[in-house]
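Two complexes, one shared chain (subunit A), two partners (subunit B, subunit C).
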Partner chain A sequence: MTAQFDYPEDREERSAAQVRALEALLIEKGVIGSGTVDKVLGYFESEMSPLNGRKIVARAWTDPDFARRLAEDTPAAVAELDLPEGMAGAEGEHLAAVLNEPGVHNLVICTLCSCFPWPVLGLPPYWYKDPVFRARAAREPRAVLTELGVPLDPDTEVRVWDASGHARWFVVPQRPAGTEGMSEERLADLVTTESMIGVALAEAPA
Partner chain B sequence: MKLQHQLGGLEGLDGPIDFEKRVFVQDWERRIFAIHAAMMGLSDSLRGAVPDYDLDTVPTAFASTWTWADLRKGAESMNPLAYFQYRYYEKWLGGITGYLVEQGYLSQDELDAAAERYRKEPDAPLPERDSKPIDDQVIRYLREGDSPRRGPARPAFAVGDRVIVGDPPHSEHTRLPGYLRRRPGTVARVFEGNYAYFCSTGPDGLGEPVPVYIVRFEADDVWGPRAEPNGGPLFADIYEVYLSPAPSEKGSS
Partner chain C sequence: MTPAQHGTDSRLHPSCVTDLNQPTFDAEWQRRAFGLAVALSEFGHYPWEDFQRELIDEIGRWEEAPADVRGRRAYYEHWAAALERVVRRHGLLEDGYVNPEDRVDEPASD
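Our next item is the complex of A and B:
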């Protein structure tokens, strides 16, 4: 995709210096403080990470009533769990979980930008924001999922969710076979960010 | 008409997807992300937010509105070739810098001079300025958010209703994916309450609080003969201003 464009050799150094300059001037002018950027980054690193989504999925796997409530009223169900304060904060104001089930596979995309449920999944990985993924996943999700290594039965219905309004969707993957009796903690370890967007399955340990 | 509004379904991008799972691929990207988040948390528009943010007590020089709509407008105003050329956070850096210069918070000359300094001395320290009251507001915004939900709704459509997506005039900014224009669908869910948008999108129609629906579209209705074999449904949340009742179908009462 990028081979057709010319980039300066110092592309990254230039951007790094520009960002540093921007941050320094914003501090100097009193827009932000010296520690603001680090504080924001620390918040996402320590509290708003995919760990929250993994715990939500593991609970849904072990408690069918919770899974039902999560599908019907995601914010209320998420609020039941012992997660960091802020699940209904920025980009989590209107969370909406979609549950995979036998014969149904969900895929979340954002064709207009990069809408993403920050509090439960953290910040979006690069592939999610890639114009090629966004263009192709809308029209040919099965081809995209096959390319990304998701085994799909031909009879499985693929449902695509394009985040164009206020809702911030995430996927609850199916619980893998062979995980009976596993604790919620161990189950949470089987859940990846990719599986909570729908471009991967949750897999049992080999 | 903007390519950025028509990306969903755009053909010819047949190369493999770059399945890069990292969130940031360069360290500097972290910092432009955080600057954006901080500006949203200090935005003058939060005076109208549902949480009772007391911006008057926050000692920031920032007195402008900065929301997702502003960031999106920047990306949507780009030359479409440049949109493809630059990485995600390169577009953010360009958009945010352009906005701050345009709003008069800093000049391009100042920026160039400071960038030159940091090119020579990448590890030169940042200026010292007390951060706490600003940081507290930014973190409070991240925890409490800025829900667009406003007041009770009187939705025009109910679950199961057949609707057709409109074809509003093309404008600077929209939340209507281009590939859904003029497509028929079925209301799958009516969200409780009305939802505002950050700004008016002019003749495109967004801004005032309106009902929002999850609309289900069949692949064949959206893509016609270009749909995937065995293509499943696509769902999108659509503001009521973009929807009309579908012309009545034969045999329906």
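Our next item is the complex of A and C:
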């Protein structure tokens, strides 16, 4: 192995070549088929999206019993809903919902490697992997939330959840005021990916 | 979400507030690196935690390296390096490697 930190100018091209070679070798060896990676990516990009998380949150807002089950055993509660097949794969078995409530705001980060609750939120936003975001959100979550435009009462407790292989957290934001009587479908439109990471609140109805 | 002011190092990276709809990958090879790592885990070639551990180690080595030699941060370059390591460690490219679905009466390798 070459020196650990000997990064040449063309290191991005080197990584690209490394990935191409690995995939080609694995196909040649018969470990995967020639269409396997495209199939998995296609599944991720079409079925694993924030749409799933939005439906889960909207159900939790309209059904307090569901919300309780969601907090107690997230994968089991998620399985009750009519969501795409395979939610239990791709780390879905490690999903764990945390519920915002008056006086408690939850924030999800991954300080180690930027892992993410794919089945309910899709692929992570670009900035989630930013080391400054990760480090500061762990160290001074309240300041970070203020900068991101999340107004928190000084008495509100901020709970930071650090994702790991054994728990992929996502946030159930609080239901916005003025949404009484709205259908689950309309409520789901108020739920953003950012609000399910905890860096935003659910949107107020237009 | 209101945009925050930037300008000092302690501020969040501008992408935190301005690029909320940015694509997740900068290049197709990053997308394939992601798909390959997930596919191999999904088909039982290694537990996801094993890949994750390699990724954490790769990122950790970058973070601990002196700032003047480690170069810019590049998440998917760490990802590619971690992928290569976990593939080697589990022997996926060795002669005689048997795919999980073809294994008979054999306990999982870990």
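To be clear about the criterion, the second predicted complex is superposed on the first by the 166 of 206 C-alpha atoms of A that agree within 3 Å, B and C clash if a C-alpha of one lies under 4 Å from a C-alpha of the other, contacts with A are read in each partner's own complex, and residues count from 1 in each chain.
Keep this in mind: a residue touches a chain if its C-beta (ideal position, glycine included) is under 8 Å from a C-beta of that chain, and two chains touch if they have at least 3 such contacts.
Since the structure is predicted, the reported quantities are computational estimates derived from the model, not experimental observations.
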item	value
Subunit B versus subunit C as contact partner of A:68, first or second or both or neither	neither
Which of subunit B and subunit C A:157 touches, first, second, both or neither	first
First, second, both or neither for A:24, with subunit B first and subunit C second	first
Which partner, subunit B or subunit C, touches more subunit A residues	B
First, second, both or neither for A:186, with subunit B first and subunit C second	neither
Partner chain in contact with A:125 - subunit B first, subunit C second, else both or neither	both
Those residues of subunit A which subunit B touches in one complex and subunit C touches in the other	5, 12, 15-16, 18-20, 22-23, 25-26, 29-32, 36-41, 89-91, 112-114, 123-127, 129-133, 136, 144, 147-148, 165, 194
Residue numbers on subunit B that touch subunit A, as the complex places them	4-5, 7-11, 13-23, 25-28, 30-35, 37-42, 59-62, 68, 72, 75, 83-85, 88, 90, 93, 96-97, 100, 105-106, 110-112, 114-119, 122, 126-132, 134-135, 138-139, 141-149, 174-177, 179, 191, 195, 212, 214, 222-223, 226-228, 230-239
Touching residues (chain side subunit A, partner subunit C) in the complex	4-5, 7, 11-12, 15-16, 18-20, 22-23, 25-26, 29-32, 36-41, 44, 89-91, 112-115, 123-127, 129-133, 136, 144, 147-149, 165, 194, 199-200
Residue numbers on subunit C that touch subunit A, as the complex places them	1-2, 4, 10-13, 15-17, 19-20, 22-24, 27, 29, 31-36, 38-40, 42-43, 45, 48-49, 52, 55-56, 59, 61, 63, 65, 69-71, 73-77, 80-81, 83-84, 87, 92-93, 97, 99
Residues of subunit A touching subunit B in the complex	1-2, 5, 12-41, 43, 48, 85-86, 88-94, 109, 111-114, 122-127, 129-136, 138-144, 147-148, 154, 157-167, 193-194
